[in-house]
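Structures for review follow.
Presented sequentially are two complexes of subunit A, the first with subunit B as partner and the second with subunit C.
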Partner chain A sequence: MRIVPYAARPGLVTSYLRQLRQRSLTLSDNLFAYVLNLPALVVVLALIAYPIGYSFWLSLHRYNLKRPDLYRFVGIENYREILTDRVFLNSLKVSVIFSLLSVSLILVLSLTFALLLNETFLGRGVMRSLVLLPWAIPGVVNGMMWSWIFNAKIGALNGLLYSLGLIDAYRQWLSSPTSALLAAVFAHVWNMVPFSVIILLAGLASIPGELYDAARVDRCGVFQRFMHVTLPWLMHPLLIVLILQTMNAFRTFDTIYVLTGGGPGEATNVIALQTVRTVLDFTDFGQGNAYAYVIMLITLIISIVYVRLLYKRGSFET
Partner chain B sequence: MTARVQTWHERVSWKSIALYACSFVVACYLLAPFLWLVLTSFMTEAEARSVPPHWIPERPTASNYAAFVNPSPELRMVGSRAIEETPRALLNSAVVSLSTALVNLFIATFAAYSFARLNFRGGRLLLMAYLASRMVPGIAIIIPFYILMRKLQLLDTYLALILSYSTFTLPFTIWMLKDYFRTIPRDLEDAARVDRCGWFGMMWRVFLPISAPGLIAAAVFAFMFSWNEFLFALFLTSTIQSKTIPIVVANFATDLDVQFTFMAAAGVLAVIPPLALALVFQRLIVQGLAAGSVKG
Partner chain C sequence: MGERYTRLPKSEPLMLQTSRRQFLKLGLAGLGIMTVPLLAACQGKGEQPAPASPAASAQTPAASGAEVVTVRFEGWNYEPALVEQNLKRFMELNPDIKVEYTPIEGSQYRQKIVAEFTAGTQPDALYVRDDYFAGWVTAGYLQDIEGMPGLDEAYGRIYDFNAAAMTYEGKRYGLPYYADIVAFAYNAELLEKAGIKEPPKSLEELEEQGKKLKSAGLVQYPIAFGFKLTNDFWYDWWGLIYASGARLFNDKMEPIMHTENTVARDVLAWIERGMNETGIVDPASIELDGGKVRDAFLAGQYAYILFQRYEMARANNPEQSQIAGKVKMALVPSLDGENKGTVGWTRMYCLSKTTQVKDAAYRLIYYLGGLDESGVPYTAKWWFMQRGLGFAYKELAQDSEIRAKLQTFVDPDIYSRQAENARARENVQEPWYSEWESENQKLMQQALTRQISVDDVMKGMAENAERFKKQYGA
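Right, the complex of A and B next:
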């Protein structure tokens, strides 16, 4: 190739300059990317990472806001205390039962609703909009709404069941430990079902129609089609629903705070509620942080399982 | 499927009857609890407390809503604090949620662009770090967050709420926008480059306008999260200077002698903005939720 002086071919100069600029662009891709990420990183580090570390540090201290003079390092004392504390163990138990009940109910309901909404029928569009309704309702309003539905004297549930002849006297739903817990589960489930329905519907929509045609050719019944086509394809979205809802249930707070306030006694005193009590009512920041850390560890375990399972299935896109 | 003539009992099959019956039950389940709240908010207190309950208000009244704007002297006497606080709390919620949505978009756009377009060292790891921070439960960091805000003297200000909500929604927004940005063809950017637009010019004039649906969806999610959030508001706010609507609704609910119809009306007001957004941007929200979680 003959070397042509740049000055002789002005067009070449600009193209060379452009090349140069582009090369410098690619060279600094790394730098540029981190500059772009800087604001987000600062926020996440300062307001999530730092508090996580600080929380752990505080959980190793005796720290009551009302008695700052008692502030001192106590090591794992707080953890030892709460792990032998009856109130803590109870709230952990309540949370586990609450989560198990909620998640299984959510799975059953959302799968049913999603299968229903996946059929073609008149008014399906309206139904799909309707599904979003409970999702849009703030947890606090949800708790308030259900507290009135379950109200012993004037509640809708009593009124409805009584007029249908299903109960012979008004019941005090929120006063017995078992029914109060069930009421909390119900309220929580109502609020959370839509999210799962949407995920499952997206999963159902991704199943190729030919599979159903093939199953029909093979004379598979409805049940067999469900077992051999629908369910295997839904495993992934079901898994996501399972894990996200477990995490949701485990950290649930606002609905129960308003609905039962943890009562009667400590029957619905889930772990998040107990944490807030420890901090706001007893101003015990040391122990409160120990609580917070236990919740975080449990959530962490769930999310590790989540990410690993998704990775294994090779469906994790970044 | 081949089209063939159907007899009437094939068309009105048991399957479709069952289908409609089931959808009716599901529709009731989804709608009834909230519908009852709405109906109650238009009743007088006496009617709302009647046994057996009235399902439909006999003489619908908007007086419960009017009380928020203009509380009657007797209400003022009773000193129903929550009633007086409702309008201001709605305003606070609106300011905080809107600001969060905007701050969120501003910060997340840069980060999301880097993941959508640049192949950089540590990118994957960084993305995972954002995902991990999305998993951190609010309750786990509320205490140090509270202490931090107290040190910065930001307790009971909008800023504390906006900061915390932005932090919480940021990872999700980044993930969502990253996915959306990847669907936008590169040619457009290259064309803008050839036209000698700088990066900012290209983003502002070409890239962001095309990404509008994704940006709107992300903003709607951030808004709804902030509007509904309760835990952080409980810790970070103390007076009506910054109390958001969930706090006031909770005050209603835990206050024993409050009239239920006011509470119902406040609840309905608190639901309107997120519900309206959910219905207006239904398609975007459904896509966002499905993509955000199905893909991880």
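Right, the complex of A and C next:
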């Protein structure tokens, strides 16, 4: 067999050179893309990844600002301690109850409001704006507002119920464990419903009108249309609402801090409040960061469960 | 396949073109300009030799042209306008010192100062509460002022319990801002209307009188406490248990409130009964802080109150109180009718450990918490005359101006008598004190709302103490 040199095969050489150039261009393009993204990557690493990593690193240390001399690496000791700590377990329980109640209420109320606001009626624009109003109120202000409403001496709720003859004397709404927890749930729900309404309204707007027409042709009633058209199409927005509101509920701090301070006793001492207290009041950065990581882990697990259970139900492409 | 990204052609720079050499030159020059003040600061430009007496030096303005030292000073925001007024006077007397004063929201004070120390932006001089004084010393935030001029003289003239509150492991760290105690006060007009001639001496009498006031329809609840969860201590609770002679810890700082000494338990049981059965304690106490209870008392809603003694001035001031002229002070009632004391506290001025202007900062805190050139605790007296704040200097109790002022709003004898047997909280100098107080408040709220028993509270207090001691390596 006669060996033909590359030089004698111009087609081959050209092809090889083109391949080489393409490969080098591809590499160069990738590099160029990384260079372009570098500033953003640096910012993300510096402002997000580093604090998260550093926070985890601190959670592995005994680190109380009041006793810097005791600073040392303790591994998972902080996690072991808080998982057997009565205060932590109680705050976890309170957080779970608070989240269950508030997320359920938010879902029901936001879906109801979204369905109502999706209908055509006079003044719908104004109503949509009004519904959004609570969302504009910061958590601390929200807490202060509700603390005045629930105030045992001069509260608006007491005034209203008393003037309607429903109570014979002013009540201490924030002094009983049950009513204080319900008051905290209510204040939180009031603040968070608008955001969920927006998401669900957007979801409702994307449902094709023909589906409702077809359902009507099939003589489906309102309930059937809701169950078989609206709800399946809203599964993804609902999933988003579920995930975000569960995270919000687990991380809620400001409203409760102002409204009840976690009391009476530990009745409203949610896990985020205990975290802030541990870090800022007790200056225990080691244990406080361990608390924060436990919150993160819980919300992550819940989100994964939500996604696995609900995501496929809302997929119509598969 | 073409290029994925089209490279932009080289274009003219928008700014004036600069060569690399020029750029480096400019950069170095800029760096030099920025470094000069930094180096000056590192050298401690304000450091000056310690004067023989801070008060004497305060009267000797620096020679003209002398460098002005800046002292950063921070405190919680009690009457910041008055503080500034007093600091202005200090700066007039000490033209070589400029004070940069920052008032900080009181409820966030501890957190903000801790954050500043952590970030290295702490002030040179600052207010410190006895609640977290020891914790801040062990954290390395504060420096002792041993050997500083005039210190022995000042400490020799203040009450022992105040001196002890500013001393840690034998070293003195602060000078007193103010010191006060919990006082028991009553609305004399309401008591008179109910036919009550004397204020109560025992908790039993208080309960009886309370029932009378209620049945006469004069008040819905005769007394309330500031039992909302807070970063501060529940002073009314401490005042009440110390009036009955409670001891929560023994000399080895071992908890005894659940074993040997049950006074605190009995007092808590009395409050719980008052809230849930007899109805003489306002159940809304759990939602109220001390300030709100005081405001309600001054509006005539309650007949009795435990509050800071300096509030007597406000209570009988017609501009600030609806019951001015009707508020009288009595010894805090106790379980057996014999008052055994009350709780007292000390707020102080301290220096941060890293201050570069120690002498100037010390001159400032000596002006605020020490003596002037004539040996008078000027600022302590000034605070009393302005706002009735209590003082740590013994001699002020006999000062004619102060006694004259006292008579306008309180009986001076009761005022002084209650102070004689005041005590600091037994464990206030433990670094774990504030955590312990905070956890106890939750326990007590649980008992007051009948979620747990008062015995459980005492056991919980003891367990918390042991837990925190262990956590702090004690």
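Basically, the second predicted complex is superposed on the first by the 270 of 318 C-alpha atoms of A that agree within 3 Å, B and C clash if a C-alpha of one lies under 4 Å from a C-alpha of the other, contacts with A are read in each partner's own complex, and residues count from 1 in each chain.
Here is the rule we use: contacts are C-beta pairs under 8 Å (C-beta built on N, C-alpha and C of every residue); 3 or more make two chains touch, one makes a residue touch a chain.
Computed from a predicted model, the values in this text were never measured in an experiment.
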First (subunit B), second (subunit C), both or neither touched by A:P68: second
Partner contacting more residues of subunit A (subunit B vs subunit C): B
Partner chain in contact with A:V305 - subunit B first, subunit C second, else both or neither: neither
Which superposed partner A:Y293 touches (first subunit B, second subunit C, both, neither): first
Touched partner set for A:N269, first subunit B, second subunit C, both or neither: second
Subunit B versus subunit C as contact partner of A:M247, first or second or both or neither: first
Subunit B versus subunit C as contact partner of A:Y54, first or second or both or neither: first
Which superposed partner A:D29 touches (first subunit B, second subunit C, both, neither): both
Contacts of A:G261 with subunit B and subunit C, given as first, second, both or neither: both
Contacts of A:L280 with subunit B and subunit C, given as first, second, both or neither: both
Overlap of subunit C and subunit B interfaces on subunit A (superposed complexes): 29, 32-33, 153, 261, 280
Of all residues in subunit A, those that touch subunit B in their complex: 29-30, 32-34, 36-41, 43-44, 47-52, 54-55, 58, 113, 116, 119, 121, 123-124, 127-141, 143-149, 153-156, 159, 162-163, 190, 194-195, 198-199, 201-203, 236-237, 240, 244, 247, 250-251, 253-254, 257-258, 261, 272, 275-276, 279-280, 285, 288-289, 292-293, 295-296, 299-300, 303, 307, 310, 315-318
Subunit B to subunit A touching residues, read off their complex: 16, 19-20, 22-23, 26-27, 29-31, 33-34, 36-37, 40, 48-53, 106-108, 110-111, 113-114, 118-121, 123-124, 126-133, 135-145, 147-148, 163-164, 166-167, 170-171, 174, 224, 227-228, 230-231, 234-235, 245-247, 249-250, 252-254, 260, 263-264, 267, 270-271, 274-275, 277-279, 282, 285-286, 289-291, 293-296
Sites on subunit A touched by subunit C in the complex: 22, 25, 29, 32-33, 64-70, 87, 151-153, 172, 174-177, 260-267, 269, 277, 280-284
Interfacial residue positions of subunit C with respect to subunit A in the complex: 1, 3-5, 110-111, 114, 117-118, 135-136, 138-140, 228-231, 283-284, 286-287, 296, 301, 431, 434-435, 438-439, 442-443, 445-446, 448-449, 451-452, 471-473
